[in-house]
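When the chains are written out, they are named A, B, C and D in that same order, and each has its own residue count from 1.
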Amino acid sequence: MDFGLSQDQQILRDAVARCLADTSPLEHVRECAGRDNPLSDTIFGALHDLAVPAMLVPEEHGGLGMTLLDAAVVAEQLAYAVTPAPFLASVVLAPIALSEAGTNKQKCQWLPKIARGEARIGVAISATVQARDGAGVQFVEGKLSGTALFCLDFEGADAYLVADAGGRLHLVPALASGLKATRLTTIDRTRSVGELSFAAVETDPLADDGGTASARLRDAGRVILAADSLGAGQAMIEKAVDYAGQREQFGRPIGSFQAVKHMCAEMAARHEPCRALVWYAAHVFDALPEDASLAACHAKSLTGDVHRFVARTATEVHGGMGFTDLLGLHYWFKRIGFDRQVLGGPEAVRAEAAALQGWTRAA
Amino acid sequence: MDLDYGPQYDAFRAEIRAFINAHRHLAPPSATRFSRPSAEAIRWQKLLIEHGYTARTIPAEYGGYGAAPDILKSRIIAEEFSRARLPSGLANQGISMLVPTLLELGTDEQKRRWIAATLTGEVVWCQGYSEPGAGSDLANLKTSARIENGEFVINGQKIWTSTAKQADMIFCLVRTELEASKHSGISYLIFSMDIPGIEVRPLKTMTGHAEFNETFFTNVRVPVDQIVGQRGQGWFVANATLGHERGMLGDPDALENRLQALIGLMQQESIGEGRAIDNAVLRDRLVALQAEVTAMKCNGMRILSNSLKGEPGGMAKLIVKLQSCEVAHQISALAIDAMGEMGILYHRSPRERDGGAWQWNYMFQLGLIIGGGTAQIQKNIIAERGLEMPREPKLARISDEAKGAAGMQTDRQGAA
Amino acid sequence: MDFGLSQDQQILRDAVARCLADTSPLEHVRECAGRDNPLSDTIFGALHDLAVPAMLVPEEHGGLGMTLLDAAVVAEQLAYAVTPAPFLASVVLAPIALSEAGTNKQKCQWLPKIARGEARIGVAISATVQARDGAGVQFVEGKLSGTALFCLDFEGADAYLVADAGGRLHLVPALASGLKATRLTTIDRTRSVGELSFAAVETDPLADDGGTASARLRDAGRVILAADSLGAGQAMIEKAVDYAGQREQFGRPIGSFQAVKHMCAEMAARHEPCRALVWYAAHVFDALPEDASLAACHAKSLTGDVHRFVARTATEVHGGMGFTDLLGLHYWFKRIGFDRQVLGGPEAVRAEAAALQGWTRAA
Amino acid sequence: MDLDYGPQYDAFRAEIRAFINAHRHLAPPSATRFSRPSAEAIRWQKLLIEHGYTARTIPAEYGGYGAAPDILKSRIIAEEFSRARLPSGLANQGISMLVPTLLELGTDEQKRRWIAATLTGEVVWCQGYSEPGAGSDLANLKTSARIENGEFVINGQKIWTSTAKQADMIFCLVRTELEASKHSGISYLIFSMDIPGIEVRPLKTMTGHAEFNETFFTNVRVPVDQIVGQRGQGWFVANATLGHERGMLGDPDALENRLQALIGLMQQESIGEGRAIDNAVLRDRLVALQAEVTAMKCNGMRILSNSLKGEPGGMAKLIVKLQSCEVAHQISALAIDAMGEMGILYHRSPRERDGGAWQWNYMFQLGLIIGGGTAQIQKNIIAERGLEMPREPKLARISDEAKGAAGMQTDRQGAA
């Protein structure tokens, strides 16, 4: 029994943290965030040196065969440094999808390249959570038609994984004919999303598993978004505490005022249990798959609410300075905003959690 | 309790509606928040002044309409233009803060020279109050003006000067008596933004826009007669103005408009087969916010009635700013949640709703809540003035050396 | 245009406040709260001297023909002094029901007696809000059968007004044969509630108006409960501020600590707008009946949430002393708890408000 | 990450389950919170000690089971008895606080005389720490003990002495060195509650019950050897004990049990045709609380793992008390809301649910949150120890006269 990170995971965490402290300083984040394509090749290169792209690729395909908990550990660090690098879709979801539901040919074609950092795959499964704007992709007579919103790790993807209306996953090369890809911009300029519209596009479908693989992706995605929120929240709390310790008013640091101290304590009290919950949700994804969906819902919805509170409160502790662009605090604020909404906001995710437990009566 | 305004006022309301119907084609499109008024906007402003729908109680000799104050009529004007979604005239800091100050404390020459031109939008002002180290305590300000050859020579820095880029003029608090006690060493100066030595740097905020600026003064020379009120009395001059600030009254119409927009959004926004408003959890939050907005509207009417009777606004008034900002922020938060993933679109993205207004509001309202420690200050005001709770113990015990050091530290932080 | 209390209403408010300061001091409240029947004859007598029971009785029946706003003004004061006296059902709801839907005979029989303080009527309409425990009363062949829960102003009632399953109101004498009345006890020992069970009881029905009158009672009841919550919240805020000004810690009053000050300011900021909303809801009940139901829902649900917050926070400001019985603070805490739940908790009432506006799709 | 306890522990768990199945008929009914243990409870306690399911690591010579410490086994015991809804032995302040203190700092004679008798429930203790004026700062306490003829003579008052009515003995902090600095003048005494001069008055709380007492000492004479640790070291003795307090670890099992009860309630409670859990708004709150409870359970496992490795609990541990109390309070609040009007029934009313436990919990948990300023203190601890934020400026600046006056004022308030 050991509820916590293994020594290897701690080493991984520290290595990624050090790497990002070097390669993802705030100036670089600012620069990337100002571009149409924010994803930083420098950072991706450095992560590649740490073998991050190979993490979830099975060993027989040239990867490291690591777990979602390993990925969550990395996600937390990426958010801590508001890193503008592809990760959620291309490093986590795509390898899981291919491993769990890809054909042998797909695996051999893509997994080694992903592991070597030579191929990046964007993932568009948001319609399996909530269809907005009539989005949805139909798989008819071997071809895809319709629209998929919120494709993650959009820029620079060599191919996209898309869930059709039945939940089946399809691999579509970025240059496929009949496919139109449009950039979407969000508050969070450190991530890249886009929409894909399909006009009878040829597809290379993954296993017809009744939506199992796309549901797994949803779970994994939620856990990683929760881990991201955790890392961003951690950074914001630390920044608030530091600022409060330095900034003086009435001749003493504002951090010595009870009201400010209690704001920080409330952030910590709500934030800290999220860490154990995220670890748990990541762990059971591999170790206890039957508990994975519920745990993912809990992790996603709790961090969604807790870190909205943290984002606001940490900004408040900074006063006017937190509202300006000067300290860049808003990059973390927006990263948390992104994590909250993508793949289902807290209310939507809680409704799913209720349904999973049979608490929702058929209408 | 009487919600009717009475026949005289009903007639007045009808008259405004007729005016709006007849002239709405002349109204300027809603302006970007901090731009100079367009020619269209200036024409519209003049038309409104002419009919007494703005600058209503300002004497005609200074370019106003010259009516006797009538709170109800002012209220009806605000209601009708809000309902029609038309600008009820220019709203800028020159009109809301400088003009009342000049009317109360300006010399006759100052009034003649500045009020009319400000009202018509020909002269645009910015406000120079806040400083990096004096956000929550104006008395702490450090921008200095020494006298040299019959001129003030100004050095220092202001922050949150919203229209500094567009402004012709600034009204500004500076420390003229360095040795005087904190509140009494300040003077209220007005001067041109074209004087050499003024540098305006846009201050970008979390919204991604530069709604504010930082303004730096290096040996800026201003004739000594460009002062409003007495030397060393600037703190009191500014405080008279702060009382005029519209924000203190809150704007229940604005809150109601945001709520209506939210209702519309939730009726349109689809989630699968349904609409956002069909989701019981989101709908519950919507109704809760509707109750809050209704309460703030009623609270506004109560304050209005008190003013009509010449009674003080009391607690009803003290809580308006804090509570309105919070409710407005919550309205934006619900809108974002109701949009789901679409809620984070911004920066003119395809599929973005309402031009990204919800996210902009969500962040900007947070800025209003925290800006210069506003929520904290508001809470102190409510506690100390409204509830008569004891003030923080005086800081007189801290030695002056410590204070000096702290001040510098503050400065460095502020400028960081 | 005058949004506020008239001079008469202010005089009424002050007179009731003075009267209760004399007749309802905490010791008397304690004594009453310890009894099975908490309702105080002394206090009711003193209120009678102020003609409170006659307030809502029309002038032609010997009453004062006052409005619900007048009643709300009184309700606020009653709660401010945690008064154990009959009011909501017997002084407010019964006269409204009889005036709006009573037969002429019923009016002549009951209204003058109510006005003179000689008759008290309990009111049981909670099944029109939410049927719990299978409660409900059927009106079949001229007789009532079933159970009505949460009859208000239960003790000492001479008769009960009960809504049947169709919403029609019935007047039943307390001694009617086949009627069994059972006391219920709640956290709030300053009010009296009970349940009524009917076994084919003869009834004297009010107008068959399709539930209009019982819906009006629900609106009026909610407004008065909101006003009660307002008065109790006002008292709790004042007590917290007083206590914080007197109690010292670390050599200064705790009220000078920023954290305590901000707790009090937050209570005031949320509490104060409720006052205007309650006035509005009470006013439109008479002046703009088409707006009454929605306004009553808003007033009830907002005060329910705001004053739960106030009750907790004011107790927190008192520290351990607030948790003990010593200062009696809990009487107000529990009064607020009662106001929140009776005639629909915030969620239930908001669901009604949504339906009133056509926001709820037929399932 | 490894959630398995391993085969050795699985066997241990199986053994406990077998024990429970075989003996559950002997378990006493759940006791009223603050009563003396019944004969049945004492028999159960002895049975548990015999099998090593309680008093597990206390040396056999003092009446314990004498096993080596094994955090996992302790955890498994707690889990299994909680799952079976059986008392896992007596839980009182004598066992949780006094026994560990004596083990660490008692004389051999004290250990022999008191530990076994306490463990079996034959001697019942109460705790005398808090005082009306020293709720949030034990160092402030005023109950004094002067020495006269080889005895301490105690005068003063304690509050929140929960089992004082039932107790045979008290462990008590008193000020023995009046002139010493605040923390070093305190001693830790143990003495009989039968000594003349002790008066216990029930302290009724908002729940309507007297879960606590006030205990008054008037010239209570205690032999000087009834002291634990050195004279003047009582503050440190007590702090050693506070570390043992179970509450610091929180009790995720208890939280889980409350949550399960809430789920059951919401599945049973009917609203018209449906059940409370069918209401989407209430259900949303339920799932949100389930996530909080799951997080606290995971956090508990994390703390447990840290202990196993001999690592400090850190922030994960510091936040437990504050957060658990709050979540428990919210669980009760939702239960009340889910019951609608039925939620306010109490005092053994007909139709009351679960014996009024939800309302009792709602109020008692609020008491735990605020009791002696607990939430405030917890937040200070989190901020200062966990986040290393600066402490409040020292109060040394306040003159000693002011302090004296303040102390008296505090006293008067406390006793009001």
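One rule holds for everything that comes next: a residue touches a chain if its C-beta (ideal position, glycine included) is under 8 Å from a C-beta of that chain, and two chains touch if they have at least 3 such contacts.
Being a predicted model, the structure only gives us computed values, none of them experimental.
The interface with the greater count of contacting C-beta pairs, when A-D is set against A-C, is A-D. Summarising the inter-chain layout, the chain whose CA centre lies farthest from the centre of subunit B is D. One finds 51 Å separating the Cα centroids of subunit A and subunit C. Between subunit A and subunit B, the centres computed from C-alpha atoms are 39 Å apart.
Within subunit D, residues 279-281, 284, 376, 392 each touch two or more of the remaining chains.
Counting partners per residue, subunit C has 252, 258-259, 262, 346-347, 351 as the residues that reach two or more other chains. Residues 1-6, 9, 72, 274, 277-278, 280, 283-284, 286-288, 290-292, 294-296, 298-299, 301-302, 304-306, 308-309, 315-316, 318-319, 322-323, 326, 376, 378-380, 382-384, 386-393 of subunit D are the ones that touch subunit A when the two sit in their complex.
Chain contact summary for the complex, subunit B toward subunit D: residues 279-281, 284, 397.
For subunit A in complex with subunit C, the touching residues are 257-259, 262, 363. Contacts from subunit A toward subunit D in the complex involve residues 1-6, 69, 237, 241, 244-245, 252-253, 255-256, 258, 261-262, 264-266, 268-270, 272-277, 279-280, 283, 287-288, 295, 297-299, 301-302, 305, 346-347, 350-351, 353-354, 359-361. Contact residues of subunit D toward subunit C in the complex are 135-136, 159-160, 203-206, 208, 212, 269-272, 279, 281-282, 333, 336-337, 339-351, 359, 363, 366-367, 369-373, 375-376, 392, 395, 398, 402-403, 406, 409-410, 413-414, 416.
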